[in-house]
Amino acid sequence: MKLKEIADFVKGILTGPADLEIIGIARIEEAKPGELSWFSHPRYKKWLSKTQASCVVVLKGEEGIPGVNTIKVENLAIAMESLLLKFYPLSPMPAVGISKLSAIGKNVKMGKNVSIGDFVCIGYETVLGDNTIVMDGAYIGNKVRIGNDCQIHPNAVIKEDVFLGNRVIIGSGTVVGSDGFAYNRITTPEKNGDYKYKRMPHRGGVILEDDVEVGANSTIDKSVIGNTIVKKGTKLDNLVHVAHNVIIGENSILCAQVGIAGSVNIGNNVVIAGQAGVPDHITVGDNVVIAAQSGVTKDIPAGITVSGFPARPHIESNRAYSLLIDLPDLFKRVKKLEEQSPPRRDVPCKQQ
Amino acid sequence: MKLKEIADFVKGILTGPADLEIIGIARIEEAKPGELSWFSHPRYKKWLSKTQASCVVVLKGEEGIPGVNTIKVENLAIAMESLLLKFYPLSPMPAVGISKLSAIGKNVKMGKNVSIGDFVCIGYETVLGDNTIVMDGAYIGNKVRIGNDCQIHPNAVIKEDVFLGNRVIIGSGTVVGSDGFAYNRITTPEKNGDYKYKRMPHRGGVILEDDVEVGANSTIDKSVIGNTIVKKGTKLDNLVHVAHNVIIGENSILCAQVGIAGSVNIGNNVVIAGQAGVPDHITVGDNVVIAAQSGVTKDIPAGITVSGFPARPHIESNRAYSLLIDLPDLFKRVKKLEEQSPPRRDVPCKQQ
Amino acid sequence: MKLKEIADFVKGILTGPADLEIIGIARIEEAKPGELSWFSHPRYKKWLSKTQASCVVVLKGEEGIPGVNTIKVENLAIAMESLLLKFYPLSPMPAVGISKLSAIGKNVKMGKNVSIGDFVCIGYETVLGDNTIVMDGAYIGNKVRIGNDCQIHPNAVIKEDVFLGNRVIIGSGTVVGSDGFAYNRITTPEKNGDYKYKRMPHRGGVILEDDVEVGANSTIDKSVIGNTIVKKGTKLDNLVHVAHNVIIGENSILCAQVGIAGSVNIGNNVVIAGQAGVPDHITVGDNVVIAAQSGVTKDIPAGITVSGFPARPHIESNRAYSLLIDLPDLFKRVKKLEEQSPPRRDVPCKQQ
């Protein structure tokens, strides 16, 4: 594609030679002549002038860079999305139809254009909407409801009584609808204080609403009664744990290895960064940001950014954690102050 | 079911109309008229008087609530367990028998009423006890011993030389018996200091004793020699990591995303909350509680509750971490004290 | 095997009876008479004299222990590796050949002695090198390149456009090549500030170079463009998360539950201990050690050992964290100093 064609394709303004041929897309620090790149994250500012890319797509408003060809666009993300798909089209989806190497239970209902891969199991009375794809090796239990345009990736597991909306994506190895971790301690009076744990029956379900997407090897547990719910548009990364009875609002983001304990209630537009944890029965308000590795210990009101353990408003927490490294020095300073003090106490001024 | 029937069924004492019809069970904050609920966690106290449930099951000894129908029972957990199963019976278990779509190795021995799902692989010389269920897509290696009444959930992996007792549950996606992460650094003298890592052969096994239950996507590694052991009645949640050569005692609880490094020895009746970590070669005594996200750094004697990083006795650690947020203020206060001090040192009282 | 035979086998020097019969190998604290053990970790020093083992293999240079038979060797790890395999030979690998219960796509190329297990799926145009083993239930996508002598363990998932070098091991349940977690926030102007997340197309790949080994249930994401790369000889443990666009150098070690966020660049010979996290766009130099549970927040220069949150040089960080527990006491001491100060300020010496 020539630069002019690309600029037209993304409705951008070209500064550079119209007929320069572009053969591929690469990251700004790796691009070679003949390749197109883009500039988004400020960390890569220095690469704007150093890049070998033949042209850089930038946001309208970005200053021109002398000697660098640019295409300025209204929406960088959308422009790059369409260019990536233009240069590197997606592989064709699995052929529509039901593999002969699958095992489909009784009374399964399927919409139009459903695709079922090899070695897939589907339990009885399960419903799959139009255009939904269940990839090789995935397991879907009994009485599951899956909407339209969903993708269930290889070796994912969706257990009984799970409900997925439309356009839901479940990554490889992810388990949805496993029994929650709720045990009762049963004492055995004859054995004087001895006890054992007995699991509560988990007779509830899991609801993942429209446009929910879950990465690889995450786990979402079902409830004792009622539903574990993830609302519209919320995205979960890899190795995320969502316990039984949790409710997560709309358009929220849970990054990799985040853990949400039982009966937690999370609002809309929340961002929880990697490895952070929220203990059971906590409420997290709308628009909250929880920084990476935070350990939440109490309810968080709407709109707050928290960090640290115990998680506190980020500005204060950050200030406190920055001083941690100076603690040995502080102890020395206090010791010195104490050493200066005692003699004065012995000979106080006012007694003179 | 009528309230009187329910009260009789759980051997409880009814305060309310005997013939009121109950059509389902719901959580106390979500229950509607016609539904039964229960009250367990003190956080839900406020809901006792606000609930729309037609009746609430409570523990004997709980005060009556004016205007709320109650059934008082000796053991709330057992009462609710039986009511949940009465109102919402479990789906029938997979039909007994061996799926024609499974692959069973040579010399596999099976007890009575064994159920093997679709696309299950079972290695040679493996033994499965009575009533054990291996669900769709699960993999069981060579020379595995599995007791009676076990459940291996879809897509779980149990590798060679693993031993499971009776009533053991392995959740979906969980891997038992993967090789431990023990490498030797092999220096290559000809390349002056260069080295590469070479894995120790892991020729040991994993033993999960009776009533051990493991959630989804957890991993339990085998040892170089001898066994990784989880003792009777211990429960592991999702995404838990148990390294090679670990021993975990009886009736212990490991919550989601806990990590136990190699050769750790954990006692009986221990509780380890979410995302906590125990490094290699540590001993954790009986009845220890390790709070969420704790980072253990040394042996923990029996009966202690610890928290924080480095994990210390919880009361002290909690007090220290609560003060963390006041650290910036403390630095200011010390600075002020220092500013006050120097002039006095210059003109000390006793020299007057 | 007799002790003399064992000593000859590992080219070691025997102190003890040449013809003593050894029937097995056990850990030093568990060994019984007739068993051989070894001494590596200093923590087990006390067991050297207490062990019931009939002989202990030790490193040349280790002092003799009165009354304990020893074999002294040049390289303990290599000696024990060969002895373990001698006494406990590995199970024969799966028979070479392609299971009739597998599903192989079009234009798949295989080298010599390839082994494909039951219920394995392999996508089109994928290449498998000589002696490579794909175990039961594993999924391999389209256009994957796998080198010689690789092992793909049961139920592992390798998605489209992944490249594995030679001798690469992928553990059970691990997912390589899942889409990265990169979303654009698309605002919907008509709905006044409302937005939704839209995933960037991930058209890049993953490269795991020669001798890379990955444990169970880990996840390695593919990039938007370009490759996520793990270089020669690097080893990843279980439940590790490697995000899109990450580069990890040679001979590095990532322990269980470590999380590496997007576009991180990690050097050679790095060790990252369990549950540590590195946020996006960070650079970690060669020979860095990151202690367990550390939370990195900025670039780490080569050769440094860091710990804590925020991760700082270990010696300082360790000193600071050790003092954390004394914080309540420090607050009291400062309060006391303040109480002593005010009266003096009111009656300052120099005004007398």
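All chains are identified by letter, namely A, B and C, in their written order; residue positions are counted from 1 within each chain.
Everything that follows uses one rule, which is that a residue touches a chain if its C-beta (ideal position, glycine included) is under 8 Å from a C-beta of that chain, and two chains touch if they have at least 3 such contacts.
This one's a predicted model, so the numbers in the text were calculated from it and none came from an experiment.
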| message | If you apply the touch rule, which chains end up adjacent to both chain B and chain C? | response | A
| query | Over half shared or under half: which fits the residue numbers at the contact of copies chain A and chain B, same or different? | reply | different
| query | Once you find the CA centre of chain A and the CA centre of chain B, what distance in Å lies between them? | reply | 23
| query | Of all the residues in chain A, which ones touch at least 2 other chains? | reply | 119, 137, 155, 173, 217, 239, 257, 275, 308-309, 321, 324, 326-327, 330, 334, 337, 344, 348-349, 352
| note | The chain A residues in contact with chain B across the complex are 103, 119, 121, 137, 139, 141-143, 155, 157, 159-160, 173, 175, 178-179, 181, 183-186, 195-201, 203, 217-219, 221, 224-226, 239, 241, 243, 245, 257, 259, 261, 275, 277, 279, 281, 295, 308-310, 312, 316-317, 319-321, 323-324, 326-327, 330, 333-334, 337, 340, 343-344, 347-349, 352
| message | Going by the contact rule set out above, which residues of chain A touch chain C in the complex? | response | 25-27, 30, 41, 43, 77-78, 80-81, 84-85, 87-88, 90-91, 99, 101, 117-119, 135-137, 153-155, 171-173, 211, 213, 215-217, 233, 235, 237-239, 251, 253, 255-257, 273-275, 292-293, 308-309, 321-322, 324-328, 330-331, 334, 337-338, 341, 344-345, 348-350, 352
